[in-house]
Amino acid sequence: MSKVRVATIWLDGCSGCHMSFLDMDERLVEIAEKIDVVYSPYVDTKEFPGDVDLTIVEGALSTDHDITMIKKIRKNSKKIMALGDCAITGNVSAMKNLSGSEAVLQRGYFELADENKLGRVPSEVVPKLLDTVHPLHEIVPIDFYVPGCPTPADAIYKAITDILEGKEPDTKELTRFGK
Amino acid sequence: MPAQVDNRYKMVERTMKKLGYERSALIETLHTAQESFGYLEKETLKFIARRLKLPFSKVYGVATFYHFFRLKPKGKHNTVVCMGTACYIKGANKILAKLEERFNVKAGGTTADDLLSLISARCVGSCSLAPIAIFDDKPIGNLGIEQSVEIVEEMIR
Amino acid sequence: MIHTLEELEEIAEAKREKDSETKEELRVCIGSSCLSLGADQIEKDLKEEISCRGLKDKCKVKGVGCNGLCSAGVLVSHIDREKNSETMYGNLGTSDIKSVAEAYESGTILKEKLLDPHDPFFLNQEKIVLENAGYIDPNDIEDYIAHDGYFALFNAIIELSAEEVIAEVKKSGLRGRGGGGYPVGLKWETVAKVDSEQKYIVCNGDEGDPGAFMDRAIMEADPHRVIEGMALAGFACGANKGYVYVRAEYPIAVEKLNKAIKQAKRLGILGQNIAGSNFSFDLEVRLGGGAFVCGEATALVTSIEGNRGNPRQKPPHLSDYGLWGEPTILNNVESFANIAPIIRKGGAWYAGFGTEKSPGTKVFALSGHVKNTGLVEVPMGMSLRDIIYKVGGGVPEGKKLKVVQTGGPSGGCIPEHLLDIPVDYDSLKSVGSMMGSGGMIVTDDSQSIVEVARFFVEFCASESCGKCVPCRVGTTELTNILDKFVAKTATKEDLILLQDLCTVVKETSLCGLGQAAPNPVITTLKYFEDEYLEAIKND
Amino acid sequence: MIREKARVKTFKINGTDVTGKSNQTILEVANDHEIKIPTLCYMKGLSCVGACRMCLVEIKGSHKLIPACTGKIKEGMEVETETESLKKHRKFILSMIFAERNHVCSVCVSNGHCELQDMSVELDMKHSSVPYIYPKFEVDASHERFVYDPNRCIVCTRCVRVCNEVEGAHALDIIDRGINSKIIHDMDEPWALSESCTSCGKCVQVCPTGTLTEKGVSSAEMVKKKSLIIDLLEARENRDRK
């Protein structure tokens, strides 16, 4: 039996959920026997591949680039798992929505900056902020939700093994919003 | 104490007395207070709360629940645009939008120079004359967009 | 102070005699709509013109309540008692008054302002509630008495038992005119049977539906009729205190009611030992504050008690636990306005109008894209098409009718192809709308249906009291999603969400406002789904 | 008002026979029989308002859903508390509560001790069915011992009720209406300046979320005393009257 093609991606999040992923420790070996990681911050692939069985997405959608990516991911993936509170609720990433992008840029590039040589908000290389940060499911349909901040390794392990066994992931006992 | 010298407080007091200082007199009293003072200031509300032996928070809760009550002073002139259903389908929303734009004030607000308060009403019950607006207590029906601007301009001149 | 039917009859006779001294009358409609057009000035000017011409003894100028045909305001009727004729002028401005007076003096007719009394608008109506509107002076209790006023009350107190009054109301089949359509007689009977020392009669005059002004017209044109109906309810149910809860936005109605109550008290028609009996009934007016939700029974009652108008979960119903926890009858203005004629002429007479399950007549406020806007009273069961085309004169400017909205913001939109349904409680419900209080707003095909739905939902969102979650959050979410449909940026998922939201808000909200708030969306989705689909962007 | 004598009534909850006194609510009888019905605005000892709609139940023969916290029991009634449609409705309504304000659990002092958070697990609500609204509210940290963060409020009004009904101060109430409803002190003044607040802290103890919390505590410490109110009421009932 060929291995399940899995991608992981980190959009607007803190990478905490990816760290948690690594916290699965020796269980990673067990999982690695069943999956091929075809795209991930852990591996060196530049382009998001086609024909992915499962994509695990950390983080919310904050920029035009995030939107392009999630649409591409949806197109290229059979299943998508929203991992962590940012992906599911917007969480900390979406707290920006209370003040708006302009205020956040002001704060980041001027008020808190020691030195802003450009004298303005950069418009190249850095993707453009959306007016509103969205959780994934507000833009594309999502198949599985595994909350947590960050999602504990046990919950990630349970979710992945459940999915590999063809079951709906049941992580109720292991994680919740904010855990 | 201003309550003893101010005639407006006397009006309020009269309403409360008429209703036996019952707690249920609150809304009637607020109506009288708004009529006498033009709007409901916190000081006025606290006066009423003390006289009727009601909690401050409750009085404030009631005063903010009912949209008839104003907690801020009105402008010198006011325009009430009816946004009832009949007026809406006859374009009242466009009149309101135009007035908001022309006089730089949002519905429910007062212009910076305190000249004009723009108010949107739920239904003034004159649906036959839709769209209708009330300019300083004078209702004018079958309004046109430009006409409404002209009337307000004339009014605040 | 009057104590007997004979004394009441004396007042009526004296008034009629006094009236007959002046053979003719010029009646100026001073309903709210005509007032907006300067009717008060016209009344004043006309009085002056007539007295200048030395015609004061021959002709009386009097202000009367709403005549109904508001779109032709200001209206002036010339009544000639000897010839038993009525000439009606419409579309009058202050500049026309001289010509009206001249025409009157010279015995000619002002042709360009003449309204046809045989216009289908007048012919197809049946006036019970509005029988006095446009005829009597609302400021004059004697005028009301001279038009059979308070005879029902005195007759009931002197001749009938409380049970007999209730029996007549039950026989009439009258259903609550405020929207729900609950049988009035049954409601009264329930409260009458409750053993309690204190009971209350409450009249809902809050009329919060935008596009509805029936109750306003009744209170302004014929306030004593409401008082009589409430006093009869008090007699029938053993209540000695009543409240009329009126919108603060209706200052004229408030003024007329207060004046009427004062007059009735002076004559002993309200107060202690009415008609020499041991029945006492007192009435007070209470002002609303501009909250649509206060049309809901439990919210209205808590508002009278001086609180925020939050509804509470029913049961218990008002008949068990109403105002200040006491058994309470709550009906709206139009319901009470029907009572006096029912007691005067009998329940069976009333049941002869309308349909079997919705007897009587109903007053509608016709507005929007229809030629004759105004107040109409028609027998129940008349088809929507007849009301709009025969009475209302159809859609102007040769446009096509798209929907008729009945039942206020929480009612439904009825499309053209269903116009032949009879207008009664059950038929309207069967097409997803409801009777409501009687607003009837006609929309022509220039209107986007999604925008109409959004308008109503936004109304409910801003009128939600905020107590229960589904209404507080759900109506706002509905508005936000409909914004996307209006902007044509909605997705397929939004359409599903819209439907889900409608279901949850409808089924789980605490009170009628929330439960009915999705109705305009549900009906427009049912009849105009294509307009929603068109608003979905493809990408 | 006529008070009827409490009589024992027998009826069914989820097919099981239960008994209760006629003045009891469905929720009270369910609790007595250890049948769990989800609740948020309900708190034993306070008046019932039926606002959160979590405890909606079906009653056979009626098409209307009734909140168990206000619904009085009737002889022979058949109550269902866990039908598929009820579960679906509850989850959807819970979504609405989450979407209404800014419930960012990860940065909340009540994280781990929050009834709203617990409810998301209990009802297995994995994501919000409705879009987030993102209103903005200022935090009131003026009081020396407590903090009020309206961003986390679910408008259950437990605080309003406990202050009015148990403490008797009525320092809190709601202003405005609909989606703009907001809990306030006195006339929407900073908590520290409230003339009516007795600083008893009952509102903090009954608050189901991180809206009303103690100042300067960690999320591990911010555990509310859930039985405080009922203990207090019972103690008052039994106090020595000498």
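Order of writing sets the labels: A, B, C and D. Residues in every chain begin at 1.
Here is the rule we go by: contacts are C-beta pairs under 8 Å (C-beta built on N, C-alpha and C of every residue); 3 or more make two chains touch, one makes a residue touch a chain.
Bear in mind that the values here come from a model prediction, so they are computed numbers and not experimental data.
Of all the chains, the one whose CA centre sits at the greatest distance from that of chain C is A. Note: centroid distance chain B to chain C, computed from Cα atoms, is 25 Å. Measuring from the averaged C-alpha position of chain A to that of chain D gives a distance of 34 Å.
Averaged C-alpha coordinates give centres for chain C and chain D that are 40 Å from one another.
Across the assembly, chain B contributes 58, 61, 65 as residues in contact with two or more other chains.
Residues of chain A in contact with at least two other chains: none. Listed for chain D are residues 131, 174, 176-177, each touching two or more other chains. By the contact rule set out at the top, the touching chain pairs are A-D, B-C, B-D, C-D. Those residues of chain D lying in contact with chain A across their complex are 98, 102-108, 111-112, 114, 117, 120-121, 124, 126-128, 131-132, 134, 136, 151. Put simply, chain D touches chain C in their complex at residues 1-2, 49-53, 56, 65-67, 70-72, 89, 92-93, 96-97, 99-100, 129-131, 133, 154-155, 174, 176-181. Chain B makes touch with chain C in their complex at residues 22-28, 30-31, 58, 61-62, 65-69, 83-86, 88-90, 121-130, 132, 139-141. In the complex of the two chains, the chain C residues touching chain D come out as 194-196, 291, 308, 312-313, 315, 321, 325-326, 461-470, 472-477, 480-481, 497, 500-501, 504, 507-510.
Touching chain B in their complex are the following residues of chain C: 32-33, 35-37, 70-71, 73, 207-213, 216, 248-250, 286-292, 303-309, 365, 367-369, 373-374, 405, 409, 439, 441, 443, 447, 452, 455-456, 459, 463, 465.
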